[in-house]
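Quick heads-up: structures coming right below.
Look for chain A in each of the two complexes below; its partner is chain B in the first and chain C in the second.
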Partner chain A sequence: MSLLQVENVAKSFFQRGNELKIFSEVSFAVEPGELLLISGRSGTGKSTLLNLLGGLEPVSAGRIVFNGRVVTDLSMSELAELRATGIGMIFQNFNLIPGWSARENVEAVLMHRGISQTERLQRSTAILTELGLGDRLHNLPAELSVGQQQRVAIARTLVNDPAMILADEPTGDVDPETADEILHLLLPRIKSGRTAMIVASHGLFNPALATRTACLKDGKLHL
Partner chain B sequence: MSDLLICALRELKRRKLRTLAGLSGFFLGCMLITAMVLMLQYDLQAKNALVNYMGNKFLAYAPMNLIGAGDSQTARPLDPVNEGFFTEPTVVTRLLPANLAASIAKIPEVGVVTPFLLYRFKNSQDGHVFSIGGIRPADVRALQATLISRHDIISGVFFQQSDRNVVIVDKSYADLWNLKVGSVVNIGDTLFPIIGIAGSHARTARADVYMNWPDAEAAISRRLNRPLHNEANLFLIEAAGAETVAVAMQKVQTLIEQGITNSVVCSIPVVKFMGLSQNTVNAVLVIVAVLAVLFAANAQWSAASERAHEVAILKAIGWRDRSIFAQFIIESLLISLAGGVFGAGAGYAVFRSIARVMGARIDAAYQVVDVPVTLAMLIVATALAGIIAGLVPAVRAAATRPAEVLRDL
Partner chain C sequence: MRDIIALAGRELKQHKRRTFAVIIGYALTVAFLVILAAVLLYSRVVQNITIGEAGTYFVTWLPACGDISSLSEEELAKLARGIIPAVCKSKCENCTGCNKKPVDILNEGFVINTNGTRLLTLDLVAKIRALPLIKDASACLMFRFRDPQTNTIFAVGGIDVQSSAVSTNCCAASDLIEGNFLTGSSTGRVLVDIGFAGNHGLKCGSTLVVASETFEVAGIINSGARPVKPDVIMLFADAERVINRRIHNPLENEANLILIESRDATVHGKALEDVKTLMKGDSLLTTGCYFPAAKAIGLNTRLIWAFMALVAAAAMLFSARIQWASVIERRRSFAILKAIGWNNRVIILQQLAETLAQSVAGSLAGLVAGLAVLLLVPVNNLLGIDATMTGVLNPGLFAAVVVFAVTAGVLAGLLPVLLVIRQRPAEALRRI
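Up next, the complex of A and B:
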């Protein structure tokens, strides 16, 4: 069984009573160690698809199965648990909490899960140090460069060692050099088979790095 | 729980101004309520003390019908123009069996009762008229409640049960005739040394000279056509409570043929007034509490709005709805609890200051006995107000749809 199976998923929004179809009949599977690049123009629904996979939004139709669990059948609480343990998300604009330090942002993922504060601090410090931010633990996001902020966001995702990473334009807002750095942090984990990654990008992500590519266009996913 | 507390403390520390604003709100609210509650409680207690002191006391007697009244058994003064059994102001009274006190005491609404002999005497030397009161010192509680006790003695001592041929005089009478402890009083041509002077203050009944019951009986008997046989002309009564005084008076009256009961103060209106005060306290408290909760809820609502993005991020990285909900509640609780603790302390200080400025006595006699309990209750109430105030914003925060909020950025 695949790590992730997406079966005939459709998503629509309703605006003033009118249905706005984003995409439909989206089906694909992802295996551990795979990097799937989903490309497409802005507004085609790439971010929405990632949100569906992460359980942040409900599907309009279809089914998503992750690690043998039907994500589309899970309760809000179970979905939260899934995001906290199995699926990590990297957002285009980092989505760090502005008032929290780098370490607190990373530690947040480990809270409310019965992990002691000591362990939380150890793990968040270790991952930030691994990503080259050992001397920036107590800095607020605003005190970090864009590249450093993105590394904090990646650390927040990796601190859980998730089976799958959903990344929305992970290199979209950074310069090529920083993008390169970020990819060098993520790719070894994927290649080792510890995790799989789905990247949504409108062209800024190097397709050569992906094991597979797909294109979201005209409401359909073209593999 | 510890995670919630860590996060809550971190948040409160981080948002210093908002925390300070919330804390100030609860602090001021709790301080005002505390000061008001203590002042009103003190006020009620003072009124209660007044009512308890005067409002639940009354006397019972039977007036004499002078025209054609009396039979051969009736005790008649030898000098009916100047002497006789009476009660104030000028009611001539009949004698009743002193053991009627036992029947009166059985009425549930009656607290204590004691018989009293009140007789007007004419001094044989200078002709001035004065009153003597015969009391039973053994009725300690009843005497303390209605007439005189050792607490009323301003010089000398109070009666021992075995004391004979000594008297205690009322201060006003002592002042009038320049009497002191050790002076003597002429009662029916017998001299009685004074062993104590009693303060002149409002009582259910009063006499110029107080005597032990056997001495009074003997002195009065010498001025009647027949000796007294364990009889009294007044019964001094304290009702079980200020609220039951009316019923007690009614029931006592039924035990005495053509009897009259007479309250010395308007106890029933006072009781009603106290009820009004209590209702005012409750109403004021409810209004202030509602205002405090609304104020706090508004502040928390604003905080929830400001933090929508942060909440969306936390939910996106795996925080459950209940964690978000609990987070907001704990923050609100911490603010309200801190505000409550400091507010209650400050409120108490304000109350003491106002009491001092107004010259109110806060001592053993007018003690605000429930201070610790009242303060504890106010702190708990403030903390509860914080929880209530945090409920709606917490529900709102927990219901945040992360995808929508993050998409809107």
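Up next, the complex of A and C:
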């Protein structure tokens, strides 16, 4: 069985009583160690698809199965648990908590899971240091550059060692050099088979790095 | 749980101004509620004093049956022999006096001041005395005599001088202007009202003839505005003896008035009701100033309660407003935390910890402030009341106010977060 199976998934929004269809009949599977690049123009629903895969919002139709669990049937608290343990998300705009330091933002993922504070501090410090932010542990997001914020967001995802990473334009807001650094952090984990990654990008992510590419266009996913 | 408490503490420290405003809000509210609640309890003490001064005593009797002036000569003659006219029959419950009509039925008879009454058994007095809200009940005879020599009409009262209900309803030693008050062994001696004494030239040591029996004036009294005001007061047994000379059949353990004292001001209204129920029929009660005083005080008490409820509601709204603002400000943070794996329970608990910390700190500060005001401001001196405020300050009151404030605060803090966390993380992140 695949790590992730997406079966005939559709998503629509209702705006002022009118149904706005984003996409439909989206089906694909992802195996461990795979990097799937989903490209497409802005507004085609790439971020929405990642949100569905992460259980951040409900599907309109279809089924998503992750590690044998039917994500689309899970309750809010079960979805939260899934995100805490199996799926890591890197958001396009980082989504860091403004009042918390870099280390606190990373440590947040490990909280309320029975992990001791000592271990949490150790792991969050280690991952931030690995990403070159060892001297920025106590800075608030507003005190960091965009690239540094992006690395904090990645650290927050990696500290959990998830089976699957969902990344929305992970290199979209950084210079090519920083983008290269970020990819060098992420790719070894994928190549080692520890994790799979789905990247949504409108063209800034190098397709050559992906093991497979797909394109969201006219409400359909073309593999 | 340690993480939740630590995070709550961090959140409160990070937003010092907001935290301070919330704590001050709670403190002011609790201080105000403590002061109001204490004033409310104090007002009950004042109420007791005021109503106590207005009177916790009263008199009950059965008004005379029918208007004897409307009866025919034949009916009057029959009535004097104990044959009850049809017009009077409906009013006979509890009355024992139909065969004890006065010899001079047009001028003499059993009265309370100027109104005619019927007779009651002393058993009824004992029953009233046994009521739980009654402190004392005493039988009293009051009979209007006509002096056949001078045609003077005057009222004689027969009392039990030992009874406290007599001292509040009729006369007390403190009413004495000159001479001596009656004692249990003052047979043959009377007290005379100052007005009657003045009109008839009576002084201490003078003699007074009542139904052919001579009495010595032991003292002159001014009993003021009491409900029972005979011109001449004597011992119950003396009164019974002289009255028996002026009625067709002698009294047998009977009286026409019952003087009553209720246990205290707080139960006075209920005591009146209980006596009225026991008396049945068309019995009457003197209520003095009790009802107007009780009404005015009750009105004030209700106003304070209403004001207190208003303050409590305003406090809840104030708290809810601040907590709502705090939650709204953090909607995005909550959505991010949910997106990285926090569940709703953890977020609710963190909000609960923050609200609890603020409401407990604010409530305790308010309690101290309220107590300080109550102890430092001499409310009793300002009101001229002979009762201290400290008597109403009790731990139960403080605990109730603090529990109320904390509960209200927790509710006010939890409701907005419960509404906010229902939103799906993606929806919240997209909109905020």
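Here is the rule we use: the second predicted complex is superposed on the first by the 223 of 223 C-alpha atoms of A that agree within 3 Å, B and C clash if a C-alpha of one lies under 4 Å from a C-alpha of the other, contacts with A are read in each partner's own complex, and residues count from 1 in each chain.
By our rule, a residue touches a chain if its C-beta (ideal position, glycine included) is under 8 Å from a C-beta of that chain, and two chains touch if they have at least 3 such contacts.
Note that this is a predicted model, so its numbers are computed, not measured.
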Fit or clash between chain C and chain B when superposed on chain A: clash
First, second, both or neither for A:130, with chain B first and chain C second: neither
Which of chain B and chain C A:31 touches, first, second, both or neither: neither
Selected from 127-135, 145-153, 217-225 or 271-279: the stretch of chain B that, after superposition, runs into chain C: 271-279
Residues on chain A lying within both footprints (that of chain B and that of chain C): 48, 51, 54, 56-57, 76-77, 80-85, 89, 91, 95-99, 108-109, 111-112, 117, 156
Residues of chain B that touch chain A when the two form their complex: 2-4, 6-7, 10, 14-15, 310, 313-323, 401-403, 406-407, 409
Touching residues on chain A, where the partner in the complex is chain B: 47-48, 51, 54, 56-57, 76-77, 80-85, 89, 91, 93, 95-100, 104, 108-109, 111-112, 117, 156
Complex interface listing, chain C residues touching chain A: 2-4, 7, 11, 14, 333, 336-346, 424-427, 429
Chain C contact footprint on chain A (complex, rising order): 48, 51, 54, 56-58, 76-77, 80-85, 89, 91, 95-99, 108-109, 111-112, 117, 156, 160
